[in-house]
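Below is one structure, written out as structure tokens; comments come after it.
For clarity, chains are labelled A, B and C in written order, and residue numbers in each chain start from 1.
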């Protein structure tokens, strides 16, 4: 018997249980006030009885999937037992429904429990990410030593198809990926840092309200554009432009240069930097500014000597968050940066990044157990740890900064 | 005084930097929009050629059965071929005739088949029908292939050009609104490809995302804002966790989905179901954070009023605080959903990147999503796909702009309600 | 006597004095015995005992920060919503110690209603505002009964004639004074026995204040009312008994007339004569 059908039947029974509870409490109400309104009596009857039988179904299915596959043949018995349990709990709950029965308290306990379970999900997801990534990476490190992965300078993850194939043992030295990632992130920050910061300063200190009201939403549009669109923009506009300009000056530029990917990523991050900087600059107390203006400093001097130093921790925190964004960004680099793992600091050459390689390793039909696929998880682990540390530091700095002026 | 002068000059320069930064950012934004629009607007039209089709009984239904099951197996391609040859009687030779037929899209025979299915009485008659042109012809008509270029530098040779110019002179070739783009799935022929499959895939995935992340997100926010003990280490830990999750690279969620949903729970690969689940992991932190902010901004006096007439805490929160905070919560949800709509990296990892022609019928069918379709097309060098990529981006942006405007509207409403 | 001396003198007297006047009444509705309230380390109410009689209006006056609002919020356990707040002592309503852990606050708050300092109607229609309490307590079996409760409560709150044509209008669209009377109607609708009012007129203009005071005077026929106020005239106008609080202590209690004309305690006298406030 199909599990879905069992669950649907339990659901339908639950609905009828609700109306049964409602009916009984409505009759009771004719004589005397109830502790809880009738809907709670209906609800508790429905919840109690369906929860009990659904729990049974879940436990059964878990057993069947993981321990005793033979149980599959006894689905009909499961159905009978679960219906039996439903009616048993329904019967006992039904008997409890009296004028003084605290149905509301019971329902509210269940609601509160549900809320609590939902909030634990956030922890569960983090733990899930951590465990799954660590578990798979561990399998990877069983065949490839950690030191080779972290310090090797040669990356070519193609594994031999046949045992005796010549000259094609995969190499998993991830250093070129790390340098590529940082090169692109560095270029992106060179664009986004100054432009984002200056835009924020201009908008919060110089621009009139009307200008601000128009320009701010426009920069927010930049933040809402999907990264795949930026990637396409990089491929059809920025990369050809850089290549042509390079050729004009006699510089050889790869068609998938680090510069193109970095530039476009920088554009993507501008609104991110500017909105965080805007927040922290606005958090600087007005009297600090007035103090400086009052002794005859110009606006730019006030900004450079008073506001920026005061807002510095917040700005640094924001920039760190932006770096973490740049490191983890995928689509722009998948589309605009290369696949080849060059160990270089030359922005005109093609480089590859951690995220690009994760995608390359996982797209297409793969044996899930091959080191090639598992390598993606090892890269994911590195990426996760790097961004986690950056985020943690950044969020900590920003929080401390906010508290200072609150 | 000199000092003051240079100070004022510095002030001016500094201000200029600010203006320059903003201008540059806005210039790049407009460059992006202009380049995509100029590449893509032509994709909303398609080129069709009018053929005089003779639905010959000999070809379609020689035994006069009038039975669709038999008719549907006949050679519709021959109808197209005959009609084209009739149009250009001077073209001779097998290879030339084949080349001639190629100016018509290969979808024409299916179009005719559907036509006959719906008009079975047309058999034995002739009828003028507009059929899709091949993508190279389409590009030529739209001006993306330059006719003045030397023959070996364009994809249409002189002979083909002559044919097309003949059609043009007889008004047998024209541009129409591109229905195909909105009503079909992916195809290897650019003139037959559309975004419907990807759109449905996105719709399925986002529905799953909404169903999962909206209730869980709100429940978490309510618990943390209204019920959790304050100054509790565990709650602080959850909070730090949520803030961190919001900044974890999206591709990591894809890895989680791959390891847990696909390998452990053995859910189907490439399915919007898994895509939606992965996207909901990503959307959850956004919804939680914004819901908490809006719950926090509801004046406590409203809750007190409810408690004062004897509402329980849960009643006070669910009857009064949550409804007031709802527009704010919805704003956050819409922004989260908009982000999920534009997200592609985690979907790549769980295999929602494949050449899928069929329109997905359920959440477990293999599918792509709009941004993935954009990615796939952008990888194809043909000019016809470049145009369609840009057009698909425009469609995606229209949706995003709509969602974001809705969010802004709700936020304004919320701010007004809170007063 | 200069101000510093006064404060010193005050502190000395507080720490060494018991409540002046008779804290007991003949037919008590609420009996408060040795209540202490702490916010974390800080003692906000120091050993207060008092009876509250049936169908009387008890006014609580005193300088701001004296703990009169905190004390009021003990009476329906609204202090539970403040996490750091700890209450101990005994507080009997119908022979049940409501400070007991096991007491269900929901029926308690239905029995002891509360009107707040700032009018806080729900952002719903006028009708819904009043109907909310009866709905959650299941007081009406059908729409007709509910209508009756709502109309009656609005009538009793003296608001019915003003709003009967726009019961669907949002509660927040009313004027300040009307909003406060709506809140009173909302409280009456669950037929409480005691109504607590926490400076109900402090956010209202004089005309609206007069209306609310008039209403309080009428309500005493059916309800026991405890009102916190910083306006002494208001206490004089609406209450039968007055309690004077100072720095968390109940300094003096007695018939309103007596407190205002011949206060026994020096602090009460200083307050009444306007030496601090």
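One rule holds in what follows: a contact is a pair of C-beta atoms (placed from the backbone, for glycine too) under 8 Å apart; a residue touches a chain by one contact, two chains touch by 3 or more.
The structure presented is a predicted model; accordingly, all values stated were derived computationally and were not measured.
Undergrad: Counting C-beta pairs in contact, pick out the pair of chains that comes out on top.
TA: A-B
Undergrad: Can you tell me which chain is nearest the middle of the complex, judged by mean CA position?
TA: A
Undergrad: I'd like the Å distance between the centres of subunit B and subunit C, where a centre is the mean of that chain's Cα atoms.
TA: 61
Undergrad: Averaging only over C-alpha atoms, locate the centres of subunit A and subunit C and give their separation in whole Å.
TA: 50
Undergrad: Any idea how many Å lie between the Cα centroids of subunit A and subunit B?
TA: 22
Undergrad: Which subunit C residues touch at least two other chains?
TA: 106-107, 136-137
Undergrad: What are the residues of subunit B that contact at least two other chains?
TA: 312
Undergrad: Of all the residues in subunit A, which ones touch at least 2 other chains?
TA: In subunit A, residues 104 touch at least two other chains, as defined above.
Undergrad: Sort out for me which residues of subunit C touch subunit B in the complex.
TA: Within the complex, subunit C touches subunit B at residues 76, 78, 81, 83, 105-111, 113-116, 118, 120-123, 132-133, 136-137, 183, 186-187, 189-190.
Undergrad: Can you list the subunit C residues touching subunit A in their complex?
TA: Those in contact with subunit A are residues 104, 106-107, 135-139, 141.
Undergrad: Which residues of subunit A touch subunit B once you look at their complex with the stated criterion?
TA: For this pair, the touching residues of subunit A are 104, 108, 111-112, 114-116, 118-123, 125-126, 128-129, 132-133, 135-136, 194-196, 198-199, 201-203, 206, 215, 217-219, 221-222, 224-233, 235-237, 267, 270-271, 274, 298-301, 303-304, 321, 324-325, 327-331, 334-335, 355, 358-359, 362-363, 368, 376-377, 380, 383-384, 387-388, 391-392, 394-395.
Undergrad: Using the touch definition from the top, list the residues of subunit B that touch subunit C in their complex.
TA: Spelled out, the residues of subunit B in touch with subunit C are 229-230, 299, 301-312, 315, 319-320, 323-324, 417.
Undergrad: Using the touch definition up top, name the residues of subunit B that touch subunit A in the complex.
TA: These residues of subunit B touch subunit A: 7-8, 10-11, 14-15, 17-22, 24-26, 28-29, 31-32, 35-36, 39, 215-216, 219-220, 222-224, 227-228, 237-238, 240-245, 247-253, 255-256, 258-260, 263-264, 281, 284-285, 288, 312-314, 338-339, 341-345, 348-349, 351, 353, 371-372, 374-375, 378-379, 386, 389-390, 393, 396-397, 400-401, 404, 408.
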